[in-house]
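Next up: the structures, one after another.
Next come two complexes built around subunit A: one with subunit B, the other with subunit C.
Take a look at the complex of A and B:
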């Protein structure tokens, strides 16, 4: 019988696929061989461009081919330039008309180069449909746009909209979006609206929460710089993110964003600030709140007693670069007020009590951030909601952690014990991250101890943490560099071994 | 033409309603010779969709004792608010002028996105003949207002009608329902075996609002629904979420009348013969050959099996029909519910209504022009309830007053009719299989079960609607499918392969 329909069996289908695969491999090898030969011969021509297209459309991740394309594009552009300059040899009498002509020619050449760029953009667009997460294709697109003085950035923003409709979580697209919206000068407020829409569609999206975290501090700056954004906006953001967290407490993206909201809004690249400082006649020690590789780059000046002294010859006390000593003799005047400046930060020093000469400065690591009535009310509402939720789900990991964070944001010293209790519970319900919670407990404990320290009798000469609360580590140890004597639990001392923090006495500034 | 008709068939199906079309397609698909007849000049019988003119004509049609559609009446309304300045003022004439833009269903349905019909359409590959729109909102009446029920996770996140703790409770409840059955030993649920779903819901400490969301719209139960039944319905709802759009439901574009036609099309592709406007005058059983003799238009046809819809002569002669479903069909120039429910002109909204005692229910489907079922600016309201009497308007009165008394839409056309079913099996029908009339249900589960059951009795060995191959999977017999060569490669790849091979050969020679 002829022309009877028959359905292919899976066996036949597999066989067919195998053959197709083999043919593809042959075609790929042949094309690659040809490309390499052409490149060795320096033939960066149209044929080369069309050869690479065939492969890139199937596999956009061959970096070599993109590099070759860039060489081809640059070659083409320089040819255009040559042609242009070749035409520019006007004779005197024809000057006027020739100028018009060169003008026309220039426009034509510009159109030509523009079409070269358009071709590259079209290719990357097609490649991104094949693999939306191709680093190479995204990079080539950026490169092409940078080369083109007439690049249409607005169109790129539209492209991002389109791609984010297909996949709202593609971080490549979000990253590219930040790049092109910057170039297209899209107002931050408009970007924020876009971002909000995307979160409404699916809040389980780290990229769009992150995008928000970059836009908000810019749009709603915080005057005191101790919160990520203005308190009014912060309140609204907290409300929104808690809604997400309650809708699906197992989705970590919302909780991460909330944690950022409750933080100080500090940027990673901000300059270090003075944590502690102690001065006596033979020298000084300085502790920074974050490591800094070379303190000599920061200008450190001591003002007081009618003179300004530049503090130099700093030597590191620890390997991290958080505490530094300086052996320099001063004419310390007991009755004079001193201040210390580090880059643009300036702090007043306090005289040491007792018979010794010297002055100090100390700022505990957990400063209480500003908190308006409204914000405080919002934090308290949120805490209450979390506590309500814990009644239904006592083992909910994120709720336990967040309620602890909220308590600390409201009043960290009053809620110290309760927040530690939450961490202790977390060590049990989320035992895979036991070490993390222990570390966090150590940090919170030290923050609390250091905040209390200035109230103790022998401050800053004695630091006493002898009670048997088990600490896993000793964070913030650089803050203790101004003490003469540090008492630590024996277990912790044993654990720290070599890295027990040095005291002011240990540094032997006199010798 | 009629004389060309073959005289011998494996199966003759009378009536082109949903169930009959399903059986005809299934028969044809497994190689049976099928003749499909209908007295009407249109496909679908009471499952059909009509233009505006055709609906009026159908409702005007004289009712015979065996007619399934009865008690029909319709009214055109003139709105008092009509003014000269109103650009889009609709009236009888302007609606009738756009008659062909309507697809008015006698039996409107909504499909669960993972329900029986969708699965059958996918499994049989009939889905390529159909197009759907995801239902936009699932609604409920709450305190006299129509409100959207949050279905998906993003709905729950975005809704302003629930507090965050309510959001958590709703999500938690739904997750628990979704997980139910995976560990049936769960003590929490064991306790509720044999009790009602409402009792279970109340024990979950959910608020009144969440309780109505679940009872009215998600589980779609009444106060006496059993725990197991309620769980099953909730799971059915949840199982269809996240497939297409924001709700678990789909509506066929251009009306439900498209669906029987999709099955008819498959039947025809596999050789089924169609004759509309063709009645069967008499059927007799030839006891010698055990075949049916059908006389139709002066011709005698022989059939091994006969399936008929109820209400078709001659097979239904003497059968008493009783009201089964009461229907209301309204056309309005304004939608029901607030702006939020009808954003951008609205889509498809589903609302389950309950009378004050909670004993009776009705479904309302509101369709906008995006379904292709009516012109832009108009809305169709389909109201369906199990019939109590021969008066559909009075059956529906309690529901129409809930809908129209407060919100007062601009209704232009209203109609009421009854779909009837036979009260008893005809004694003459021993060898003929009768399909059931449309059941009161949201999806097509009962109709499919009915079709599957009859098909199983007709052809016990055969597969019910196995997957129909796509055109590219079909090979014409005589060709060797394993003899795949370059010609089966995509054109561009083939050309490239050719070029490459030639180029490399040339180069080899040169070297």
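Take a look at the complex of A and C:
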């Protein structure tokens, strides 16, 4: 029950309502009882159809009744088929006219089945008028269309247009739209135009922004796959969305889209990449850039010193499935070049400096995405616009967050301090999400620390996190698995307790 | 009915049976809600009861079905939790979108630029809990919002403050408060929307990510 205000009623009114409802309940129970009896008796006839209509029009969410209707429809269809086959078996001697007649009968049968489907479609349409968010009514509509070889998908697209005029945010209609435009083979470019129109009418239409985000990667794919779409199109989208966002900076719809634009696109389906690796004669450790508990499915090979070694029997180092160790003996040859392959990724290892034998690999988590001159210029213009707005509205949450994201998209290292300052401010002005901003600050800090780690003197043997910034958590800790020594601020160490990351030395001792 | 750690007082609760926990000047009216839920099962001749009977007939349950966008996310997250495949989610991205559901009133909505609703105290909150990101929203503000949606006369919770209570929002309100650790409520399992002690008894272990 949604949006029904509690109103105080008089005793008299309550009595009247009670009586009214008692009558409805009686009718409902009678119809339900009759339906159940008929179903037990296998009577899937017209009476059954009209009984279910009575209830479904009041409450389209009774799945059982839709199931019964589907049984009725299938029953009717199989009857028609039987009649048809009875006509299709004329004896060989019969002449042309009979064949013509069969054709006519076939067409008549098709018309009959079509009218069965039309009846179901009409009912769902009526039910959707009562409740436009009834899962069951939408589902029954899909089912009916799928059964009908003559389904008019184009008409369904028109129906969506109509429904979206009544409620531009009904996600059932948007979902249905994605389904029927596929069936009607509406070109994606045409759908994008539809989206643009909807957004122009109302910038605050998050459903339409979302629909857009599904169409663009398909229409304008990004070759490097590190941005949601081609850089050229991305630039234009950024322009469009900022205009929308600035129209009403407190409306979140466009800002969500903006953040999606600045992201790296769909990364979920890609295989994990090697984040860090270290090898010595008694074993190796491997860190992945994202969790992957099924590491056995990934072929890991070490090539060097004139041989190829398959690395097997990985043991988990953490519970998340991001770091692994392998206790295997290697005949490591100091003067040979080594490389490591994980599925289709292949990286060259660097020898450890100093007297120790061994080799390593390290790729910090923050990669820089491809950025054309034009795109960079656009990002800088946007950042400037945001900073200008902040002059007037220093507490504008979305402007604070977006400008920090833009800074990081331009140069995350140079803008590190400023972007953290924005997060600190966000903790205050958007205090509901204080915990989120603290964790995000920790992520950004670690990304920065890990990016400059390779430049430090004792890399990769020593990792030093200075005590100046209070970190809420320690994300990316799997990257530290190649270090012999990890120095963390005492407060953070206390907070982490048992989940302080293991060092390479710890792992050796355990073997 | 066993979702509270309290023993019903012999006088039936007297003052309505409020708990000791006081959030923003509001108390959870335990026994009113217990009565409300108990009565629901007895009201077979009630119109509302008939109209919601589809739940029983369909063999489905609101708490574990896809009511809308947020319900869909909850179903997906719950599925990964049951199959121990939560690593397939981009927790930071999804978690951010979810914590952005909290509005200044403390209540959660289901999509950007929509009104808050107690049912999202279950769907959003359970998803965040499964992903170890419950601390990304303000627990106190949400508890205040949920408590403001309880009907202190009849018991039960409504979708928003001042609306008619119903059995579903009562489940989601109490479930949400339990996830937030409201005093006096037993722990609820975020994946299965059932008391944790029952899940433990059955030996089911849905996956749950730790806090970062």
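One rule holds in what follows: the second predicted complex is superposed on the first by the 440 of 511 C-alpha atoms of A that agree within 3 Å, B and C clash if a C-alpha of one lies under 4 Å from a C-alpha of the other, contacts with A are read in each partner's own complex, and residues count from 1 in each chain.
Please note the rule applied: a contact is a pair of C-beta atoms (placed from the backbone, for glycine too) under 8 Å apart; a residue touches a chain by one contact, two chains touch by 3 or more.
Quick caveat, the model's predicted, so the values are computed rather than measured.
Enquirer: Which partner chains sit in contact with A:24 here, subunit B, subunit C, both or neither? Use first/second/both/neither.
Expert: After superposition on chain A, A:24 lies in contact with both partners, subunit B and subunit C.
Enquirer: Which partner does A:389 contact after superposing on A: first (subunit B), second (subunit C), both, neither?
Expert: A:389: touches subunit B, not subunit C.
Enquirer: Where does A:285 make contact in the superposed view: on subunit B (first), on subunit C (second), on both, or on neither?
Expert: Neither partner.
Enquirer: Once the structures are superposed on A, label A:203 by its partner contacts, choosing first (subunit B), second (subunit C), both or neither.
Expert: first
Enquirer: In the three-chain superposition, say which chain, subunit B or subunit C, touches more residues of subunit A.
Expert: More residues of subunit A are touched by C.
Enquirer: Quick check on the superposed pair: does A:247 touch subunit B, subunit C, both, or neither? Answer first, second, both or neither.
Expert: first
Enquirer: Kindly classify A:443 by the partners it touches after superposition: subunit B alone (first), subunit C alone (second), both, or neither?
Expert: second
Enquirer: Could you look at A:15 and tell me whether it touches subunit B, subunit C, both or neither (first, second, both, neither)?
Expert: Touch partner of A:15: subunit B, not subunit C.
Enquirer: Residue overlap on subunit A between the subunit B contact set and the subunit C contact set?
Expert: On subunit A, the overlap between the subunit B and subunit C contacts is residues 1-6, 24.
Enquirer: In their complex, what parts of subunit A are in touch with subunit C?
Expert: For subunit A paired with subunit C, touching residues are 1-6, 21-22, 24-25, 28-29, 58-59, 61-64, 133, 135, 169, 171, 204, 206-207, 251-253, 256, 263, 267-268, 290-293, 319-321, 431-436, 439, 442-443, 473, 475, 499.
Enquirer: In the complex, go through subunit C and note every residue touching subunit A.
Expert: 45-48, 50-51, 53-54, 57-58, 60, 66-69, 87-90, 92-93, 95-97, 99-100, 102, 104, 106, 111-114, 117, 133, 135-138, 141, 151, 158-160, 162-166, 168-169, 210-212
Enquirer: Which of the residues in subunit B end up touching subunit A in this complex?
Expert: The touching residues are 153-154, 156-158, 164-165, 167-169, 171-172, 205, 469, 473-478, 481-482, 484, 486, 488-489, 492-493, 496-497, 500-501, 503-504, 507.
Enquirer: For subunit A, which residues are in contact with subunit B within the complex?
Expert: For this pair, the touching residues of subunit A are 1-8, 12, 15-16, 19-20, 23-24, 26-27, 30-31, 33-34, 37, 54, 200-203, 242-244, 246-249, 385, 388-389, 392-393.
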